[in-house]
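Chain IDs A, B and C follow the sequence of writing; residue 1 opens each chain.
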């Protein structure tokens, strides 16, 4: 049984009114424990709605959402939602709107406190969680004095302190500068690799999605495509039609291919593209002085 | 005509324990008709700098001239002229959609012209013009609530609200931040169009080197409150140490070309767009093969 | 401009007063304030003055900062003094216009002013040595016996916590929106009061919209982190009574008894 299971999941906002809006339409998905899944989609494609189901912030209008075997709708009836939320940590887009306390360490403690953990355990959990995201030094800071990237790392620590097993990140880097974006992505990748935390990353940045081992493309509330980044990004034209993009290396590779160069069509990273081009020029050992003069 | 900074310095909260020198001795010229980018890492002083352009902050030392008029005059008689010049500089803040407040898009865009005391007809005229410039259809959108739009469209409305003041210089602070890829792409095109076709001088403030590489013709780089580079994009990005020192990265295309060069393909590094990079790679591969490189595996 | 405001006047430190449990501080402050109102004789006033001075020294808060907290109330203190000089009946010293200055008036005025100054200094000692967060915790703890009769102690404390967290954010935001509207020609500085109030509509509407959006986001973030109200919640930094608190209580009981006897 997969860790996250969605079966024919649909979600309607304001169901039964004139403004009824079907944000998710018959979505079926399974995500294994320890996976790193990126979800792509233009605005309004339903990806945020999907994310909120994983933490039972929203419940299915029809269909089933199961997290580690727990049905979210059933858990809501029995008052056991916290069991799901403790296992699935959420990080949202706006770093300013998800930190609750006026001091970093108190904020990280918020989740464990809600779970009723004894104070000593909370202290240990907070210390470990802050160390995991390299924010120990800032534990006494007020959130408004931190950079965007640092705030998002504190938000991640807040989830880790609850001993979460899965992180759902809803455009966590959209409002950050390049440095903050790099900090957050580095943290997410490290948590995935070293602690085996399941990652569901919703993003508008194709380079971030290329880091995942699976990419899901959403369009109009449905899963439009699902595969490895390599399989997905080679379909550049289709992605652009969904209002999405491809990584720069993929795009340049496809353009060169269109101009008649024999580069592979499923290039993902800069390294793959440059290596392919060098092989193409057949200079496995670098340039000799003679050819360099020849060109100059 | 230009915006000229002469030895501008700015100190936050002088005389308190929180005193902090945000800008130190900055001199620069932003020419009319240019598309100037101000790059810098968060906290480099670029936000403080841009607020000098229309007098939101007044320099602690030095002068700011817009079209040769000091916008922070000492003499009282010069104040009216200075205020008029300040309004020649339109300022679009980061996440500008958050400043929308009227019930309809038309009314919101009209806020600026109305504050200037323009007549109804003149105001209506300017609203139409601003919406046209931002590619918002007047009839479709004018009666809609700005809050019912998508993020990208809301931002267009906010920019139109500034364009309705008919600024000669338009300052855009991180204009594409937070938009989805389609929204980003469309807004970049619109900015291009504003500059190339409508001849608005644009000052683009950003920490995204990719956007700067494909848009700007002049780059100012800020680091720790100082201006560390004032050059064309090609010259600026050629100084990698300087970029790194300022906490910035090479534009992605250039980084890729650099990697390619490091692996032994003698390509030029200073390609700013995918199109340029593609042409350079094709040329170099052709040249290399022609000059006796072994043919690719048969 | 707006971002220059600093909220609260907490002075971080590690003095004995800083280390006292905030509940002890709040309750003792309450007793001391009542005690000051009960003072009648010079001796009792003297004792309270010495107490305040000693506490100020113990707090290690710079004297200048302490005295600054009196500044906004300076005029009220002076006014009270003048009113008492003229309005207390007794032996007339001299006459100013048709009002007479009395010796009793000067003494009475002095005591009343001293009372005011002590009240202000003692209260600000609490805020100087206790972080707003600890004050909130103390409030929750002291109100919690009222839960049974329906006092929402936890909810009030949570509101305080969130308010403290978001005040700086909202100040930054107000500053930004004001600047954005100013750049569109809005004028907050000139014109009649009515006109200036109207000028704030374009600031207040976006500010409220954004505050509601934040509230919505925050509520979701709290829920996502298993927030279920105060029931079954623990605290990482649970308040703890230490030996300093016992000493403070013992000393205070003696002091209260002494002042009551001497008053």
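Definition applied: a residue touches a chain if its C-beta (ideal position, glycine included) is under 8 Å from a C-beta of that chain, and two chains touch if they have at least 3 such contacts.
Just so it is clear, the structure is predicted and the values come from calculations on it, not from any experiment.
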{"item": "With subunit C removed from consideration, the chain sets that still hold together", "value": "one piece"}
{"item": "A-C compared against A-B, more contacting pairs", "value": "A-B"}
{"item": "Furthest chain, CA centroid comparison against subunit A", "value": "C"}
{"item": "Whole-Å gap between the CA centroids of subunit A and subunit C", "value": "45"}
{"item": "Whole-Å separation of chain centres (CA-atom averages), subunit A against subunit B", "value": "29"}
{"item": "Touching two or more other chains - residues of subunit C", "value": "none"}
{"item": "In the complex with subunit A, residue positions of subunit B that touch it", "value": "41-43, 150-152, 177-183, 185, 207-209, 247-249, 252-253, 255-256, 259-260, 263-266, 274, 277-278, 281-282, 284-285, 287-289, 291-297"}
{"item": "Complex interface listing, subunit B residues touching subunit C", "value": "13, 51, 54, 56, 87, 90-91, 93, 96, 98-101, 111-113, 115-116, 147, 161-162, 165"}
{"item": "For the subunit C and subunit B complex, residues of the former touching the latter", "value": "4, 176-177, 179-187, 201-202, 205-206, 209-210"}
{"item": "Residues of subunit A that touch subunit B when the two form their complex", "value": "42-44, 93, 147-148, 174-175, 177-180, 204, 206, 243-245, 248-249, 251-252, 255-256, 259, 261-262, 270-271, 273-275, 277-278, 280-283, 285-287, 291-292, 294-295"}
{"item": "Residue ranges of subunit A in contact with subunit C within the complex", "value": "52, 55, 57, 82, 85-86, 89-90, 92, 94, 96-103, 105-106, 109-119, 122-123, 126, 142-144, 155, 158-159, 162"}
